[in-house]
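Order of writing sets the chain letters: A, B, C and D. Residues in each chain are counted from 1.
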Amino acid sequence: MIRFECDYAEGAHPRILEAMMKTNREQTPGYGEDDFCAKARRIICRACGNDKMDVHFLVGGTQANTTVIASILRPHQAVVSASSGHIAGHETGAIEATGHKVITIPAENGKINAKQVRKVLTDHWSDSSHEHMPQPAMVYISQPTETGTLYSRRELTELSALCREYGIPLFLDGARLGYALASPENDVFMADLAQLCDVFYIGGTKVGAMFGEAVCIVNSKYKEDFRYHIKQHGGMLAKGRFLGIQFETLFRDGLYLEISKHAIEQAMRIKEAFTEGGCEFLFDSPTNQQFPILNRMVFTELAKRYTFTTWEKLPGERTAVRFVTSWATRPEHVDALIEDVKRLLMLYGDR
Amino acid sequence: MIRFECDYAEGAHPRILEAMMKTNREQTPGYGEDDFCAKARRIICRACGNDKMDVHFLVGGTQANTTVIASILRPHQAVVSASSGHIAGHETGAIEATGHKVITIPAENGKINAKQVRKVLTDHWSDSSHEHMPQPAMVYISQPTETGTLYSRRELTELSALCREYGIPLFLDGARLGYALASPENDVFMADLAQLCDVFYIGGTKVGAMFGEAVCIVNSKYKEDFRYHIKQHGGMLAKGRFLGIQFETLFRDGLYLEISKHAIEQAMRIKEAFTEGGCEFLFDSPTNQQFPILNRMVFTELAKRYTFTTWEKLPGERTAVRFVTSWATRPEHVDALIEDVKRLLMLYGDR
Amino acid sequence: MIRFECDYAEGAHPRILEAMMKTNREQTPGYGEDDFCAKARRIICRACGNDKMDVHFLVGGTQANTTVIASILRPHQAVVSASSGHIAGHETGAIEATGHKVITIPAENGKINAKQVRKVLTDHWSDSSHEHMPQPAMVYISQPTETGTLYSRRELTELSALCREYGIPLFLDGARLGYALASPENDVFMADLAQLCDVFYIGGTKVGAMFGEAVCIVNSKYKEDFRYHIKQHGGMLAKGRFLGIQFETLFRDGLYLEISKHAIEQAMRIKEAFTEGGCEFLFDSPTNQQFPILNRMVFTELAKRYTFTTWEKLPGERTAVRFVTSWATRPEHVDALIEDVKRLLMLYGDR
Amino acid sequence: MIRFECDYAEGAHPRILEAMMKTNREQTPGYGEDDFCAKARRIICRACGNDKMDVHFLVGGTQANTTVIASILRPHQAVVSASSGHIAGHETGAIEATGHKVITIPAENGKINAKQVRKVLTDHWSDSSHEHMPQPAMVYISQPTETGTLYSRRELTELSALCREYGIPLFLDGARLGYALASPENDVFMADLAQLCDVFYIGGTKVGAMFGEAVCIVNSKYKEDFRYHIKQHGGMLAKGRFLGIQFETLFRDGLYLEISKHAIEQAMRIKEAFTEGGCEFLFDSPTNQQFPILNRMVFTELAKRYTFTTWEKLPGERTAVRFVTSWATRPEHVDALIEDVKRLLMLYGDR
């Protein structure tokens, strides 16, 4: 079986393992207070053009989301998210477990816009008995979104302006950030995030690291005592050095962008193959996740050689599925897939 | 500086890094459902002589404690711990953050005994208004304890019997379990844990792993839906393979015990040096943590070359400190320390 | 101003105040362990034809919902509710504050049906990565619903059967239960609730009591330790006698049903007036809440003399509003309202 | 049986019931937004000499404690309390259920002092790994204390100054405040509380009300959004008028102080009887709770006619018990008790 169901099927980028090996016998303090972490923080701040941010390294995405949100909201406050947002549906209620409601907005192409969020805010504040409802007090988005789409700089700027108007934080989940940055359609850069967001994080796990997410706190208001929250949520790795080493490696010499580009190239090859074969897509994604809609025969045949995710059952025995590439995707695997896709669509395609 | 302040100052055991390297390009499913994890589970079950246990791999200790406790207790229930227990004082209120009180018992030599726990239970249940108090419903201990001491098999058996009498679980935190198993004074083996405890975990982070704790659920009553809890608490590593690889490596060919023994040997050399120099100890520890009591001069001089933990300020400007060895401790570092200890105690010792 | 915006605008039924006065100097134990409570429990059990239920008296509805739900669910579990359910939108995230997600289903006429709930359950359990999502583990409904509609015995029986099939509890919020029981369209009786639900409660606050809800636990599985949960959620009234006295009064000589009938009669008079005037309704409610849709002129004129709730803004400057009657509604107030409604609809009505 | 086990054995002060009766048919808005509440707020502000405070009416003490503490603390923060504090032991872990640890200090005569609290604060902040521990961020005391003793104005001023030095709130639980104010030994007045505390509450339940506590928020920093928290914790009474009516009645014409004085007089008579009979006391209480130490014979005989609370078993078959008086205590009941105490101590006393 060749795996395309996620971007964490392989290990870590070889340079990361090498860096770990090379420094393995050095002694360092624990809990992220070592020199590797310090260096990684500086490199990330530089890459974001913002040396005032606080940068913290956490182990995983659910942890990063939970820790950031719980550290900021008061008990009666809620976070606003797309209904397809990761925190809304795929973290086993981790946000609710810290006491907060996730107020969901129907996503359009995976995204929410400033107009929708403004409605949530004005509906709340214009209701005379608003204290009977959770208070929307934070906006959560992800870049790329769960469905591979991208916020444009303009969309992000509008969301940011709205949040500032209401005095609430904008939090951006960048678990797959590399694949946004490397997309030809992207116009949002790291420096933009470090200006427009209050908090965001740079995903490692899905972009070549063994594990790890770099949480960047831009707005000073949310910096205080953040390490307590990391510890409380089980995210303070004893051997924190391994997080520092990974992010130092990823952000030195442009490795992060370079390996993300590779993933995008392979994803575009897959997209093209399906498109040329006449396949429709559930979402028009310019990043490393592709969502072709397969009929029963094509699905069945592809499933014999490849793993991919079933995303949504559609009428007429059609299924929207997800193919994912990563830094580690082998071009020869994509070659094989493309050949099969072409052949199968020729034989069983709807066109 | 030579570091003796903890057992996580170095990286991971070289064999672990090698195993990671060797398997790095293989594709696996995520979230611990890969073959490496499956294999590691089997090896651990075999080592415990119990093939009915569920074994789950989590990232860290605070996470393991929180996930286990929160998955078992109902909202009105509390966990009983030594006042020096890790959950009572060193996890930033992670247990309370899940809604549960930690009922503390003054530790004797780091341990709590069945008689003390029985008093907590009978006090609660004999009070006619017991519903006004949190219900003690779980016992938490660690082996070795926070202060390096060991429960004997008899002590553990008594606690276990008491818990069964009351129908409440006994949960053992084995973050440093290797250093208990390797201690010459130990008479509690893994098979004992897999019989006497309801849940326990085998620490990787402090015993040679990069990170990772293997939670073993012995009592079927507590097995249901545990993976939901791991996910909710941010402990479900996307690239779960890295946990499987580590535990498979540690438990193949007795590596876990072998490297723990090394740590104990070095710790005993340090203990002997302090003892011979006439130094007193805060606790009489037969494991990898040693707690000598230093006077001001000795403390100051040692602090110039070595890092160690300040444990407790005592009258007369004396300080109880902690020296910790690990699988990675270099004998030549211990040689240097011993020499300095001897010299300094000769010069400034209280004897 | 004449108030029709809620069913708690007046004090308590006079017989309740009299009973309180009469027994005021008697000494009783606290926290619901007095004879008044004991008696009220027996009367309620008898009225439900189920002497095995546990009956607990709590102060208010949000408290009752929170206490019941939090006492039953494990941390990874969620409660399923209509999106218009009280717990979903009008309790300031009280359920989430105890750690649980409220999974919402679009309501049809205020209700959810067994087919919709079955879909939620099968979707969850058929997903191979279900542990990444909150587990639906309880069904919450209210009778009457938030919009005044009623579950029929058949609908309730289907929901109950489904819950039993999946082994999850059915919880019915009866904050306005009297107004269901007294409705001419109702075919669900207290004995049905005590058979089909696992837990339900009988509302006092909105049906003539000063305050108070009687939680009835039918399924023994959920009885254990419930008093701890009441205390933890601040619902254990020190002078619990006042709850016992109220429910004893309400359930003696059929007072509860009698005063509810009065409310329904007045509500039907209002409904008729609007209907005859050609007004449409947002929901077709057979209980004490009526939801006529008013145009701008009628709204403005009525608002000068009466209070009522704005429910939903509709296109064309029309507004769905809510008029509520209660045990205390004065027929002469309704006379005045009817006269005004007739006059205004004649003048400004859409017909 | 004559009851002396608590101060909530009888109903409510007759003037409260009368006021409820008299206003019963008036229509008011719900949730504390009525004129009775508004008036009660003004009267309380005047009584405290502080018209800038926010005053909110909640139903009970556990609810008041939980709501205040949860509304103020961030998730990593803890509240400091005497180990005998109500929140530490008698609220079924309600504070922990909102996620916060209660850091306890051994009480001296029921009280904690500024020196003890300072040690907790400096210990925390001087520890270089303080983020591994819950952060002490609020001080909770009660007046009178759980054991009937009183903070002097000087003690309170010291605690207040310390809290301001550290920028953390001082929260005073006045569930029995009337009995402090009425004690001849008291030198802390309501105006002092409204200056020295950040938040405090005036107890109704135990001082003549049917139920109710008036939470006074002095420090503006903690005022924002408090009504959300009341709602979330189930404390927002639908018929909020009943809280307003009660506090208006209690604080008009000095009723609160007057009925508290009665309780103190009766308590002092009891105290005197035990003292004269040679009885020792567990605490020297100048308020309505008295803690005589009884030998087995005296205990057994008194228990035949009176209810009282067993407080602590002492060596030599002696038991510290609690006798409580209230606004409702009948002098003739105290006469009977005194006579019995005298007779029994004569016969079986230790002197």
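Basically, a contact is a pair of C-beta atoms (placed from the backbone, for glycine too) under 8 Å apart; a residue touches a chain by one contact, two chains touch by 3 or more.
Worth saying up front: this structure is predicted, and the values here are computed from it rather than measured.
Visitor: Tell me the angle, as a multiple of 5 degrees, of the rotation that maps chain A onto chain D over the C-alpha atoms.
Guide: Rounded to 5 degrees, the superposing rotation is 180 degrees.
Visitor: Which chain's mean C-alpha position is the greatest distance from chain A's?
Guide: Result for max centroid distance from chain A is chain D.
Visitor: Taking each chain's centre as the mean of its CA atoms, how far is chain B from chain C in angstrom?
Guide: 50
Visitor: Per the centroid of Cα atoms for each chain, what is the distance between chain A and chain C, given in Å?
Guide: Comparing mean C-alpha positions, chain C is 42 Å from chain A.
Visitor: Just give me the whole-number Å value for how far the CA centre of chain A lies from that of chain B.
Guide: Between these chains, centre-to-centre, one finds 34 Å.
Visitor: Which parts of chain D, given as residue numbers and ranges, touch two or more other chains?
Guide: Residues 75-76, 91-93, 97-99, 131-132, 228-229, 231-232, 236 of chain D touch two or more partner chains.
Visitor: Tell me, which parts of chain A touch chain C in their complex?
Guide: Result: residues 75-76, 78, 89-93, 96-102, 131-134 of chain A touch chain C.
Visitor: Any idea which chain B residues touch chain A in the complex?
Guide: Going through chain B, the ones touching chain A are 1-3, 5-6, 8-12, 14, 17, 20-21, 23-30, 59-63, 66-67, 91-94, 97-98, 205-206, 210-211, 228-229, 231-239, 241-242, 307, 328.
Visitor: Could you pull out which chain D residues touch chain A in their complex?
Guide: Against chain A, the touching part of chain D is residues 31, 70-71, 74-76, 98-99, 129, 131-132, 135, 225, 227-232, 236.
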